[in-house]
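One structure, pasted below without further comment.
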Amino acid sequence: MAGCLKKGLFKIRKNRKIAKDIYLMILQGDTSAVTAPGQFVNIALNGFYLRRPISVCDLSGDMLTIIYKVVGHGTAYMSKLEKGRHLDLLTGLGNGYDTSCSGDKPLLIGGGVGVPPLYYLAKKLLEQKKHPSVILGFNSREDVFGEQEFKALGLETVITTADGSYGISGFVTDALKNFHNYSYFYSCGPEAMLKAVSDASESSGELSFEERMGCGFGACMGCSCKTKYGNKRICKDGPVLKKEEVIW
Amino acid sequence: MAGCLKKGLFKIRKNRKIAKDIYLMILQGDTSAVTAPGQFVNIALNGFYLRRPISVCDLSGDMLTIIYKVVGHGTAYMSKLEKGRHLDLLTGLGNGYDTSCSGDKPLLIGGGVGVPPLYYLAKKLLEQKKHPSVILGFNSREDVFGEQEFKALGLETVITTADGSYGISGFVTDALKNFHNYSYFYSCGPEAMLKAVSDASESSGELSFEERMGCGFGACMGCSCKTKYGNKRICKDGPVLKKEEVIW
Amino acid sequence: MVNTHVNLSGFELDNPVIPASGTFGYGYEFAELYDINILGTFSFKGTTRDPRFGNPTPRIAECASGMLNSVGLQNPGVDQVIAEELPRLKKCFRKKVIANISGFSRDEYVCCAEKLAAQEQVGLIEVNVSCPNVHNGGMSFGTCPSSAAEITRAVKAVANHKPVYLKLTPNVTNVAEIAKACEDAGADGISLINTMLGMRIDLRKRKPVLANTMGGFSGKAVFPVALRMVWQVYEAVRIPIIGMGGVSSTEDVLEMMFAGASAVQIGAANLQNPFICKEIIEELPAVMERLNIQNLTDIIGAAHS
Amino acid sequence: MVNTHVNLSGFELDNPVIPASGTFGYGYEFAELYDINILGTFSFKGTTRDPRFGNPTPRIAECASGMLNSVGLQNPGVDQVIAEELPRLKKCFRKKVIANISGFSRDEYVCCAEKLAAQEQVGLIEVNVSCPNVHNGGMSFGTCPSSAAEITRAVKAVANHKPVYLKLTPNVTNVAEIAKACEDAGADGISLINTMLGMRIDLRKRKPVLANTMGGFSGKAVFPVALRMVWQVYEAVRIPIIGMGGVSSTEDVLEMMFAGASAVQIGAANLQNPFICKEIIEELPAVMERLNIQNLTDIIGAAHS
């Protein structure tokens, strides 16, 4: 599924806050290496040795959208970049979600900064005339983002918050209990959530993982994990794994 | 003579090429620590561990002018900075020239990027109603800068070029032969030039030296030299030394 | 036209640029990105007798101008390297490769060396003696002259006349002494430096960032230490040196060579920029011309007086 | 209110931030810039028995995230330090200072230690054993457990009950072993790391940048190595550790303490930003609160399991 990575300069077209510590950035450049939803880009930042991996949230023409949370020095630096600046990106990284498995009524389950890749996935599924439903989990009302965007695609979109300050009180798995007869699921979020989703899900599905990365393109073995089908590199053979192959 | 150093952000107001590899930059900020001509500033540059020492070329109000030559990665980086950007400077570094010794008709002798500090010195001497003459040495016509500025101050200004492509053919010492009865001299330039000037000069005088620096403010002993009056730090006890104390 | 050719104990390279072991896999990841035949050669992922998964994750941490890794020699084992990786590499790389081998006992080194030396595709054997020695309290073979010499002799004996280079660890008091011991034991050359031992702590978790606590520190930050060690080893031995540690620009390559390296490996920089070796190879002739270097071999060790 | 107090063998500090020897002179350069009484204390320029000019210039070179220095212990000698520097310091610093001493023979160490231990202004003696030992082929005292122990005993004997900390070099195979030897010989604590040996080459001149060829590498770049050594030494000894090497932020201070440091020195960062120690001291309480640290002493070594 994965094509060949590209390295190129992207121009920042937009970079603004959309929720607590959450920013949306639109980057313009050669996006031709992106071949599937669930892939990620790896961003070089001045003064930081390693690139920062961020999922593709949306893509249209040469405009690539990412949504990122400020959790450390690198993402804090990103949040201060002004539009017009250029960033050096590796694009086309990772396998991405396999939309051919989805069936007619897939379920998308995202938590926190695991939400963004599901948006581009939803659009791709819709292009293929499939009609996903969406569960998005957050900690609290102030953390919520994306609800309007998924709804604007015409999708049933359920929000959960851990503190009950918005939407359903609890975790995505609390919402998941109300869904049945979905054909497949696609998930992205913190590992504890992925595990819970995997356990609670009634169908087959795919999960997108995170790991600290050296290269992001399969060269360094920094991100290896064991699966039922052998050792895999999260960056190249993942980040998306099938529910059935994951060893928890 | 030296006051207390200050650390502060300066805004780049101008940054343009004025001769081959030579740039003039105007910086706006708190210049109150600069107390004498011949002092220098120490400039922090993103991605470079050590600051870059550059002489004060001119000062008026909160506008500080420097002239620098691109010789390596740091100065190349500086030459690409756009106006509006901010730079972190240490100001008020070094002893500077002692204008009280000059007598009525001092001679200023500069070579290459040793020329800039003499400009601010010339202005200070003029303020004190002294009337300096100026010899500026360069390699070739394309390297020449500053002639108009010194002439605009109403000063006799002689240019030499090593290849004879402009002004007097030869070194500053070739021009120096034509000067007599000067009361004192002030010089700045490459060490070989300073030595030649010191040997050829008929008066007492002061010479400004360069050395690779760690701190630039006297803390690290990175820039020490031996003088007839004991060990000195170029950055704090210099960069200006009296002709009489220099051990060549 | 400048001449960028160099020679490692009879192994002729078009240029001195060699991706370092562990940062270039078995080559074909990069072959998708550019024609890797432009490289001098490359050193493949450290290979052991048995397949290894390596250490638990996180295996990567960031540092100022560098990174830590605790991959722990993940590799499919020498038999599979010969059965699968080398044939696959053959399709995209027509030069000979450097076989980087590791082991936790003398026998493991010998086993790997013997099998790989028999492969036509292998041009040079690079023996990583930085792994802990299971028979010797876990101190690595490379921290002691006598055990480094012992491995050298054992590998030389089975190397099928291929050049054997000992790859030394920088985590020692006297690297020149160890290099000399390897030379005396018959090493054809020395590669250095491997990674420095380093660590980081995650302040939020109050635990080391790496699951394995410590890891190997490399990247730009280690360059001054690497250069110093190449300099010291050059003064101590007469065999060629492959210099590495933090090299990330054409100028770094030349500094290494002036210090005494006959060729230069590039490690962590490949991870930041997968095209770095290509860029350096393309830029090298122009930089040589600017610095008035006609033949690269002229500058090897030329900064020594 | 968080508590930033720490204790070095009875020497009480308001906070753990200590400018490192060689980057803070004898203090009064900085006293012109801010009230240096806010510091935990500071370690003064390495002092020897006789006055020293040090090495020829250039003594400074730049590296990625760090620098090299080959100052070579320029100092006015212990007698003048006592006659002039300490009285001058007294006017701007009311706390006790760390006396950093060096020597090229055991006698030189003893001479400096004895004279400085008698000074009321001295709160702790920091013994730099990284200088080459003129009686032992030039290898530094600190690269061998027995010579480090010998210096420890000799200095302890004349230390007038002031705490004696041995400052170790990182250029060794096994730093924990050397620290342990010092502890066994009576050291009250360990300071580490001193600079790493490094070099750079000037491509235009085709010669080393430093007149002295090699120099001491320090700054941000060395932090992962320093942290690792503090960690290792913490596991090997029970005496307090002053951690240093690349510390340049409040978070770095805390990482060092989690690794096992009771206090932290800051060296090269003072040269980049003369106000760095002040800034860190001011920021420390807020960062502690963010990380839920009440008493700084609670986190010393807390990342070990």
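In order of appearance the chains are A, B, C and D, and numbering begins at 1 in each one.
By definition in this document, contacts are C-beta pairs under 8 Å (C-beta built on N, C-alpha and C of every residue); 3 or more make two chains touch, one makes a residue touch a chain.
All figures in this text were calculated on a predicted structure; none of them were measured in a lab.
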Chain centres computed over CA atoms; the one at greatest distance from chain C is chain B
Give, as an integer number of Å, the spacing between the C-alpha centres of chain C and chain B.
-> 47
Any idea how many Å lie between the Cα centroids of chain A and chain C?
-> 36
Averaged-CA centre spacing for the pair chain B and chain A, given as whole angstrom = 56
Would you kindly tell me how far, in whole Å, the mean C-alpha position of chain D lies from that of chain C?
-> 34
Would you mind listing the residues of chain D that make contact with two or more other chains?
-> 61, 63-66, 220
So how do the chains connect up here, line, ring, star, complete, or something else (other)?
-> ring
Listing of all chain pairs that touch each other, if any do = A-B, A-C, B-D, C-D
Contact residues on chain D for chain B in the complex?
-> 22-25, 29-30, 32-33, 45, 53-54, 57-67, 69, 71, 74, 209, 219-220, 268, 270-275
Chain C contacts chain D in the complex at 61, 63-66, 68, 143, 171-173, 196-201, 203-204, 206-208, 213-214, 217, 220-225, 227-228, 231, 246, 251, 254-255, 258-259, 291, 299, 302-303, 305
In the complex of these two chains, what residues of chain A are touching chain C?
-> 4-5, 7, 44, 48-51, 90, 211-215, 217-226, 231, 236
Would you pull the chain B residues touching chain A in the complex into a rising list?
-> 46-47
